[in-house]
Amino acid sequence: MTSKVRTLGDAIATHVRDGACVALEGFTHLIPFAAGHEIIRQGRRNLHLVRMTPDLIYDQMIGMGCASKLTFSWGGNPGVGSLHRLRDAVEHQWPAPLALDEHTHAGVAAAYSAGAAGLPFATLRGYLGTDLPSVNPRIRSVDCPFTGERLAAVPALNPDVTILHAQRADRRGNVSMHGIVGAQREAAFAARALIVTVEEIVDELPPAMNGIVLPHWIVSAVAQCRGGAYPSYVHDHYARDNGFYQRWDTIARERDGFLAWMNRHVLASRDHAAFLASLQEVA
Amino acid sequence: MTSKVRTLGDAIATHVRDGACVALEGFTHLIPFAAGHEIIRQGRRNLHLVRMTPDLIYDQMIGMGCASKLTFSWGGNPGVGSLHRLRDAVEHQWPAPLALDEHTHAGVAAAYSAGAAGLPFATLRGYLGTDLPSVNPRIRSVDCPFTGERLAAVPALNPDVTILHAQRADRRGNVSMHGIVGAQREAAFAARALIVTVEEIVDELPPAMNGIVLPHWIVSAVAQCRGGAYPSYVHDHYARDNGFYQRWDTIARERDGFLAWMNRHVLASRDHAAFLASLQEVA
Amino acid sequence: MSDWTREEMMTVAAARQLWDGCVCFVGIGLPSAACNLARLTHAPDVVLIYESGTLGTRPDVLPLSIGDGELADTAACVIPLPEVFSYLLQAGRVDVGFLGAAQVDRYGNLNSTVIGPYDAPRTRLPGAGGATEIAAHARQTFVMLKATPRSLVAQLDFCTSAGFLAGNGARARTTMRGAGPQTVITDYGVLKPLPETDELHLSALFNGVTVDEARAATGWPLKVAESVDTLTPPTPIELETLRALHARTREAHRRPVRLPA
Amino acid sequence: MSDWTREEMMTVAAARQLWDGCVCFVGIGLPSAACNLARLTHAPDVVLIYESGTLGTRPDVLPLSIGDGELADTAACVIPLPEVFSYLLQAGRVDVGFLGAAQVDRYGNLNSTVIGPYDAPRTRLPGAGGATEIAAHARQTFVMLKATPRSLVAQLDFCTSAGFLAGNGARARTTMRGAGPQTVITDYGVLKPLPETDELHLSALFNGVTVDEARAATGWPLKVAESVDTLTPPTPIELETLRALHARTREAHRRPVRLPA
């Protein structure tokens, strides 16, 4: 049996190259914050970030200059408001210009599903009567060969690397997750490489019947990382820190304050445990 | 709260009309035998039957003259051999001609998924280099609007009625199932009406997290029918009667023997309990 | 209990639009409060679907995000997000979708993308999310937003989600299956589309609000129904239930979160 | 233990083709026996996928159907059938697919649909099932069938699953991603495609079988490798393991099934 267990640092260094197309997926739940921080620490540049709901971790990566392009469908701080670093990049090109490939949730979900299925495009009843196709040439149309009906088409999404967080993995690389799963399975199957951080690594996962498992042969590396989704949450492990999401609005509002916070808590921390400890000092 | 609980007889009488397109799905596991027998008892005619793997229950329905068309991808007695009644209909038009709409598993699965998603067609890398498109005009092609690649297309499947068997339902009509589920969820969401027979009806199903649930507002009727999947099986309830599948090869080989068996066990039995009792008498 | 805020009245007005058993696609904020108020009062069997894939969820407190853990714990089931948009919305399995927006025009078209030009925005907004396809495919939609001449506008900066397009039956001539925005709930009252032209007009006012106030808060010349209804103020039960829900929510969200160790 | 049947040798020959850790799409019958034999001998980490959606299954006895309950009980997980064909096969996530057929031609194309004309068949066979897309998308396929001039034919009655089409690189010029039938295991020996022409030729014989016997069982003029290997007979461990597996299977399937009450 080949072990897929790696340190997070090794997994990122091996699979995430400058210029890569990278999807850190997670829909409110199981957002891979620790992996995003490690990408920032390793100084990756010109990433094409993909995500349905770029939230705080993408705000941080964009503000730290990791990204040059963003494929997305909703970019905000859920329940709070704007992502100030994303806005600054789009409105004022700071710290660098950010090209937008903007879709709807239905469009990105269909594009991941097509990517997972090995198809070059997805068909949907989408984008009807809106201005989105006029600002995104990657939204096209296809005619049904049976009814003649015109439908929307989007190109499949196949990230070079998808990064997820989950509850458990075994050494072989099988990953088990439960709770709200967003489009994570589709983003995983669509990826050329797949890194998963988990709360816990066990010798062997039990048979899961209809439970959600990412099978080991689609997984490139698993890294244990307790608290790796904080400040988002992990069902049956820890709750979402809604207060942090609210505080982020202030932290990220100005460039200087943002940089100071990132330096102190992310760059000055060796790893995620140190990051969490640095937040305890503040609290 | 509106109850969706009906007798099987009422559910079939209400939703399955002569000439309807009907899918009794089930992939080895959870095959709705009791519902198929009730359709035979009620004497439905000219049905367009749909199923990935027409097996014994479709052999029985075809042999009893219920069907005029079959959409399918594999028609055999699993692990045993031929379906003699299906063959007799195709080879000798007995008891009636049977038009074939023949696909592959991948094609039917994609067609159900498209139907479930409200799309008019499905795209797949399928039927490549085979004679199937030359005998089925419902296998066409579509060009990717991004890469120009030519792919196969099949029309969505939207049965007038899908009929399934499952472990449990509540009175409201929520259905819970586990084990091997084939393409049943897709066939359920694709249907205009959905009948589910179950081993057990409870007042209210508990929250299922990531378990498989057919939500009540896509379910037209639930009918309690213990043993309703026999001679196939129900995970955690009863095992597959492999011996019956083997005996069926003899029972169905000749027209007279088939009709005698159907008369004695299906037509002479008021319901599924009586059918099972009639088999006990033989054993 | 006789005092109520405009925001409470918006929530109550929206809740009353829901019928028992209806299948409702819920957004965070006012729609979430309205849908749960309906569930806790006249519509115990309303089916709440949050975008995160939680179907038939019955939270005890209002979620702060669309994917709070309690939504999953109390849901009939949790499904993957692609299925939410394909098997439920796109397939026409949702009765009511709730939408908010930064801007709405007189035909119920919505902008949640940008203020200013797309390529050089004055304000970059979060974007479409699920709204575009909710607007297209839910059998009908309800729009909730606070009215100002900058939110109820004559001309959208960007069309994120289709209402009645240019009106006069334009939407009905598309392949969109949903009936579009049937009710717009503002903090002065309710707008509804006119039968022929599809133009939103003033259908009902909150108790104590004048037509002039409504007109002043609307960025286009607002048409007014021949007889404008006055909405019944929140009943004591509605108000008590809503305030208790908010109190439970504040209490739950005040509990400190421990960092994972 | 030195006596072995041709069927046992077919199973052993097929099992030896599998490597530890390979992801294998298994069919019922001989392939299922071969894959489980590999798992119980030299390839404990082979990943067995049955068409019913059971991934990484480890049955103690051979299933009689592709969807036996034990396959689900022992699987790493069970997934819906549409995902088996889209996320696994079509996406190129399967290393080896096993296929049987009623007819195979010299380019490894397969017929499992009809004998005689499609519209007036002499014998209606079950049809494609999963075979067509296994043949197209598995990184390579192994074909297993008993050889007679009626099964190894010069001309198929119907092409259900593509091998090398007309040969001479025809397959490589399509959009099919899998490498096609790399090994055909018959009850006399093993055929493999020739590098340039893709034509199946005799690569190895079972111990005790002659080239003439192979030629007589083949419906086209069979090309023969310059040096034909002779396959090592089943080792005692292979034979013991296989026979014990079959004995356990017979025992399990003899247990009477009680009708549900």
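For the reader, a short list of remarks on this structure follows.
Read from first to last, the chains carry the letters A, B, C and D; within each, the first residue is number 1.
The definition used in the following text is that a residue touches a chain if its C-beta (ideal position, glycine included) is under 8 Å from a C-beta of that chain, and two chains touch if they have at least 3 such contacts.
Small disclaimer: the values here were computed from a predicted structure and weren't measured.
Judged by contacting C-beta pairs, the busier of the interfaces B-C and A-C is A-C. Chain A and chain B have CA centres that are 40 Å apart.
The mean-CA centres of chain A and chain C are about 28 angstrom from one another, to the nearest whole unit. Counting partners per residue, chain A has 118-119, 124-125, 149, 179, 181, 209-212 as the residues that reach two or more other chains.
Among all residues of chain D, those that touch two or more other chains are 72, 78, 86, 90, 137.
Annotation, chain-chain contacts: A-B, A-C, A-D, B-C, B-D (touch as defined at the top).
In the complex of the two chains, the chain B residues touching chain A come out as 118-121, 123-125, 138, 140-142, 144-147, 149, 151, 153, 155, 178-179, 181, 209-212.
Every residue of chain B that touches chain D in the complex is listed here, in rising order: 27-29, 52-53, 72-76, 78-79, 82-83, 86-87, 90-91, 102-106, 109-110, 112-113, 124-132, 135, 149-150, 179-183, 185-186, 226-227, 230, 233-235, 237-245, 276, 279-280, 283.
Contact residues on chain D toward chain A in their complex (touch as defined above): 21, 23, 45, 47, 55-56, 72-78, 86-87, 90-93, 137.
For chain A in complex with chain D, the residues that touch the partner chain are 1-2, 116-119, 172, 174, 189, 205, 207-213, 215, 217-218.
Residues 28-29, 51-54, 64-69, 71-72, 78, 80-82, 84-86, 89-90, 109, 113, 118-119, 121-133, 136-137, 158-162, 165, 171, 174-176, 253, 256-261 of chain D are the ones touching chain B in the complex.
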